[in-house]
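Heads up, the next two complexes both have chain A, just with different partners, chain B and then chain C.
Our next item is the complex of A and B:
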C-alpha cells in the first residue's frame, strides 16, 4: 500500500498537475488565438468591450442572476462552488504539503470552517445532482458528463473527510487516502478536456460570443459556394 | 500533408518531454539530469550536440562556397536550405551548450575576459560571429515577406559577398579548432584518433559531412512534403563528395601509417572495433556507393550513402569527444535518458523551426501546398469526442499542443523524484574510523586514509592517562566519544549545540527559562554554560580548548590535533626527524600489512585501493 501511495503522491501527482496547468493554459491560449483569427477576418471589427467586460464580471460573480431562474438551484450552485474551491486550496493539510514542496505556504482555514465547508460541499453536490435528475427541463439538457462530474467530485471530499475526521485503522486510512489522491488526480487530468475547463474559459466566453457574430466580409458568398448555390440570393 | 503532420506531432512530443527535462536541469542542476562525472565531464551533450552539431551545420559554408566562389550556378536551389540548416544548427549548438555549461549565465565572459591561448576561446568567438553572419545571411529570406522592410533587405543584399566570405573564413577557423581542443589530451585520446593533424581531419570531414547533410536534408524534406526529389543535384553533390571523402581517407590512413599505429586498427580492442566501424560507415562504404555510377543516381542509394556519412561523421565526433576516452579513464558512462531527450529535443526544435521556415518563406523555389489557403476544405472532427476542430490549421495546432502538453507531463512525472527532493548538496558526513589497535582514519570512505596506530600512541604516551590528549570531550552519557561524533562533517564546521533541539517538544523539551535567566534578554550571555548541566562534557585535564559551539570539520580536527602534537614532540624524538611532515601519516601502506594486523576488524569498502599517499616516499628516507 505504501508503494502505491508513494507512486500516487510522486510521479502520478506530477503528471496530473502538469496536465492540469499546461492543459488549461493550452485551451486558454488556443481560444485566444482562434478569437484573434476570427477578429482578423471579421468584416466589422468593433467589439463592445464595456459590455463584454461587465457581462463577463456579472457571470463570474453571479449574485445579480440568482433570482432570474430557479433561485434555489442557483444558491446551491454558488455555495457548492465556494466549498469546491476554498477547501482544497486552503485546507491546512494541503497547504503543509505545498509548503514542503515549494518552500512557502499561505493562510489556512480554521478546523471548524474546513469541517463545515466540506460537509456543505458534499450536501450541495448531492442536492445539485438531485435537482438535475428530478427536473425534466435540466435532465433534457444534460449530457453524461453532467451526471458523472458531481459524483467524481464527491469522491475526494468524502474520502478526505473520512481521513481527517474519523478514527480508522491505519490500513483503512491508507486505503481511503489512496482513493482520495487517485480521484483528485483523475479530476486534474480530466479538467482541461471536459466542461470543467470553464474555470479558465469563463472570462473569455462573452468575448467569444460577441466575436462569433462578426462574420468575414464575403461570408454570404462563401456559404452559397459551399452549398453549391452560387449566385443565389442570400 | 498527413505525413508532415504526423512527423510534426512526433517532434512536438519530443520537444514537450525535453522541456520538462530542461526545466528540471536548470532548477536542480546537472547532477539530477546527467550521468556525467569528474572523469567524464564531456558526455553526449558535447559529443553530439556541440561537436556533432557544428559539423552537421557545415553544409552552409560548403554550399555557399560552391555557389558563390566556384560559381556552380546549378546548385542554387540547395543554397537557401543549406544556409537555413546551418543557421538553425548553430542556434541548436548554442542552445545545447547552455544545458551542458555548469554556469551558463557566464557564457558572455569570453567576450570580455580574453584567453587567446585557448582553442575554446577561438571556437567560442567563431561560433558567436558565425551565428551572427548566418543570421545576416539568412534574414533577407524572411524579410522578403514584408515589403516595409525592403530597405533593410536591400542593404543586407549589398553585403552578401563579404558575408559569405566571412562565413567561410570563420567556419574554416572553428571547424578545425574544435579538433585543436583535443591536442592537449595526448594521453587521454587513444592513438588511433590522437594526431597532431586532428584539426585538418576535422575540417576535411566537416566538408564531407556538410555536402552529405545537405543531400540528406533535401531528400528527407522532399519525401516529407511528397515532392519530387532533387536527384540530379544530389548526384552532383555526391561526385564532389567522392573527392572530399577520398582525401579524408588518404589523410586519415596515411597519418596513422606515418605515426606507426596501423597495427592498432586490427588489435581487436574496443577502440579498434569502434575505429573500424566508424571508418566503414563514415567513409569507406559511402565512397564505394558513390564511386558506382549506377548506384549514385538511384534515390535509394542516395539516401543510404548520405545517411551513412552523416551518421558516421557524427559518430567520429562522439568518439573523439569522449567515447574513446572512457577506456583511458576507466570510467563507465552511459548517457541517462534525460540527456538523450535533451539532445533529441534540441534537434526536434531545430527541425520544427526548419519546417516552419519552409512553409512560410521562399526557401524552395515553390512553397509546399498549404491546405489553409483553400477556404472550402472540409472541417476536421476529433476522433474521440467528435468535437469540431475547425479548419486543418486549427486542427493541427490543437494536436501539436496536445502532444506537447501530454509529453511534458510524462517527462515531468518521470523525473527521478528522489533526486529532485534530495538536498542537492553533498552533506559530506564524516564516518568513524575503523579498526582496533590500528585505526584506519578515512572519514569520507574514499579509501585514501591514514593508518593510525592507536595502541602504539597509548603505549608511547603513558597508557590510560593519555586518552585526554585527544578525547577532549564526551557526548552526553558517553565516555571517550569518537572524533566523528562531533566533527561529523568532512570539510565544514558543524554545530554541536542544537539550540532548537533543546527547546523543541520532540527534542529535549526544556523551557527557555531553564537556561536563560528570566527577565533578561535571551542571548548567549544570559544563558547557562553547557557544562552547568552536562557535568561530564569536558574531560578534566584536556588541553584542546572548547571555545564555542561550532566544531571544526573532521579534516581540520584531525590535522589540528595530530600536527600540533607532532610538532611539539619533534625536539623530543631524535630518531624521527620527519615526525611533523605530511608523509609520516600519509604514506603508502600495503593492503596486506593492514589486513594482517592483529586486531583488524575492518575490510576495504571496495576493490583493493587501500591507501594512496599524497606524496610518495621511499621507506627509510
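Our next item is the complex of A and C:
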C-alpha cells in the first residue's frame, strides 16, 4: 500500500497534473488562435469590448441573472463551484503538496472553514445531481458525462473528508487516501477532454460569439464556387 | 415572466398540417412551412457538403469547436425560451435545438467523431434528422434571448442561423422568404414587396398631399436627390402598410431641415438573408451600398425595422469595406439626437392613452437602441408604462427570424411563438403598443387579434407625427390668410 501511495503521490500526480495543464493550455490556445484567425478574416474588425467584457463578467460573477430563473438550482450551483475550487487549492494539506511540487505555497483555509466547505460541496453535488435527474427538461438534455461528473467529483471529496475528519484505522486511512488521490488524478486527466473544459474556455465565450458573427467578406462567391452553384438563380 | 403551456386545443390549432400529404411525400419534408420543390436525393450527403463548404469560408467552426467543448447542458435556457414555455416540449429547449447541429458537427467534422464513425457507430446523418432540423430551426424565432441566460455564453441564435443557412443550400427554406428575395435580387422591381417605381412615386405623392392637408406644411419625400446626408431605406412593406410611420419620418426631416432621400434604384431595407442565408445577406447588403454610392449620400439611414437595421449596421462593414463602409444609423437614433439638440418640438399632451414600448430583438439584444425611443415616448405620452422584462432582456413578439413573413404558420406564431408576449401585453394593460419594426408590427397585430387583446400596435414615428409641432415659418398660408396679409 505504501508503494502504491507513493507512486500515486509522485509520478502519477506529476503526470496527471501535466495532462491537465497542457490539455487546458492546448484548448485555450486553440481557441485564441481560432479567434485571431477569425478576426483576421472578418470584414468588420471592430469588437465591442465593453459589451463583451460586461457580459463575460456577468457570468464569471453571476449575481445579476441567477434569480431570473431556476433560482434554487442556480444558488446550489454557485455554492458547489465555490467549494469545488476553494477546497482543493487552499486546504492546508494540499498547500503542503503544492509547495512540494511547485516550490512555493500560499495561505491556507482554517480547519473549520475547510470542514464546512467540504460538507457543502458534497451536499450541493448531490442536490445538483438530483436536480438533473428529477427535472424533466434537464434529464432530457443530459448525456452520460453529465451524470458521471458529479459522481466522480464526489469521490475525492468524500474520501478526503473521511481521511481528514474521522478516526479510522491506519489501513483504512491509506485505502481511502489512495482512492482520494487516484480519483483526483482521473479528474485532472479528464478535465481537458470533457465539458469541465469550461473552467478555462468560459471567459472567452463572449469574444468567440462576437467574432463568429463577424463574417468574412466575399463568402457568397467562395461558397458558390465550392458548391458548384455559380450563376444559379436565388 | 412565465407562461403556462398551451392547451391541447391550442396545440391542435398551432400544429395543424398546412400541406397536402402528397406534397409532404414528394418533398419528403413534414414541416409546416411551404418550400419549393427541391432535389430530395442524397439529402444527407448534400447537407454535409454544404456544411463543409460553409465552414471553409466562414468563422463558424471556431464557435462550434468552442461550444462542443464546453456545453454543460444545464437547461437554464429552457425557462427563457418563449417557444419552450408555450409548448412544454423538451425538443424546443434551445440547447437541444443547437445539439441537433452540434451533434452532426461532432460526428463528421471532429477527429473523435470521425474515428467513432470508423469504429462503426450508427449515429449517421439521416433524412429524418435533417427533417427534425428543418422543423426545429424554424420553430425558433431567432430572438437570441437564450444567449443571455446561458452561463457558458453559448449563442444558440448563431447555431440556428447556421443551421438555416446549411438547410437553404440543399433547398429547404420557407418559400415565402425565397420568393421575396428572388424578386429583390433578380426581379424587375428589385424589392421584396414587388413595388414598381411609378407606384412608389404615386404613393409618396398621395402621402404628401395628405400631410399638407393635415399639418398645413409642405412635407416632402425627396426622391433621387444626389449628395444628401442620408440615403433612406425603410422596410419596403412600409410603403404599403405603414404610411403613418413614413409620414412621421418625413415630418421629422421637414422640421429639422436635414437632407435625405429615397433612391429609386433601390429602396428596400429588408434583408431576409439574415434569417436563412449569409450568401443572400451579402448580396442584399451590397445593394444598399451600391445605391448609397449612386446617390452620393454620406450615411445609410434605416427606417423602423429591427432586422433591416441590424443587417445593415453589422453587415455593411462586414461586406462593404470594414471601417470605410458607410455609417449606418436607425431613424430613431436620428430623431432622438435632433430632439436632444432642440431641433424638434413635440406637444406633450396629444397622446393620452396608456402607451408601452416593445423592443425589437434585433436592435435591443445587443444594447444598441433601448433608451432613445423611450425618451421620445416619455416626451409625448402622458401615460407611458414600461413592460417587464424589457430592453436587452425583452420578450420576442413571436414572429422573429423571418417567421412573420410565412403566412401559413400564423396559427403557430400567435398561439405558440407570441404567447408569452401576449401575456405580457395583457399584464401591462396598454392601449397603444409602440413597436418600431415592420416585422414586430405585423406579428403583434395578428397576435392581439387572434388572442383577443384590446391594443393598437403602431410605430414610434406614427405617434411623433401626431405630436410634432412645426415652426410657424414652415406653415403654408391658406388663401384667406394670404389675402389678409396683402391687404
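Operating definition for what follows: the second predicted complex is superposed on the first by the 218 of 234 C-alpha atoms of A that agree within 3 Å, B and C clash if a C-alpha of one lies under 4 Å from a C-alpha of the other, contacts with A are read in each partner's own complex, and residues count from 1 in each chain.
As a convention for this text, a residue touches a chain if its C-beta (ideal position, glycine included) is under 8 Å from a C-beta of that chain, and two chains touch if they have at least 3 such contacts.
It should be emphasised that the depicted structure is a prediction, and the values quoted were computed from it without experimental measurement.
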item: First, second, both or neither for A:97, with chain B first and chain C second; value: neither
item: Chain B versus chain C as contact partner of A:15, first or second or both or neither; value: first
item: Which superposed partner A:205 touches (first chain B, second chain C, both, neither); value: second
item: Which of chain B and chain C A:122 touches, first, second, both or neither; value: neither
item: Which superposed partner A:152 touches (first chain B, second chain C, both, neither); value: neither
item: Contacts of A:82 with chain B and chain C, given as first, second, both or neither; value: neither
item: Chain B versus chain C, judged by how many residues of chain A each one touches; value: C
item: Partner chain(s) touched by A:135 [first = chain B, second = chain C, both, neither]; value: second
item: Touching partner for A:113 - first (chain B), second (chain C), both, neither; value: neither
item: Partner chain(s) touched by A:34 [first = chain B, second = chain C, both, neither]; value: both
item: Contact residues common to both interfaces of chain A (with chain B and with chain C); value: 30, 34, 37, 222, 226
item: Contact set on chain A toward chain C in their complex; value: 27, 30-31, 34-35, 37-38, 41-46, 48, 51, 55-56, 59, 62, 65, 68-70, 74, 77, 135-138, 140-143, 146, 195, 197-198, 201-202, 204-206, 208-209, 211-220, 222-224, 226-227, 233-234
item: Footprint of chain A on chain B - complex, ascending; value: 20, 375-376, 385, 390, 394, 397-398, 401-402, 404-406, 408-410, 412-415, 417
item: Touching residues on chain A, where the partner in the complex is chain B; value: 10-12, 14-19, 22-23, 26, 29-30, 33-34, 37, 192-193, 222, 225-226
item: Complex contacts: residues of chain C adjacent to chain A; value: 49-50, 53-54, 56-63, 65-66, 69-76, 78-80, 84, 90, 93, 95-96, 99, 147-149, 151-155, 158, 169, 178, 181-182, 185-186, 278-283, 314-315, 317-323, 325, 366-367
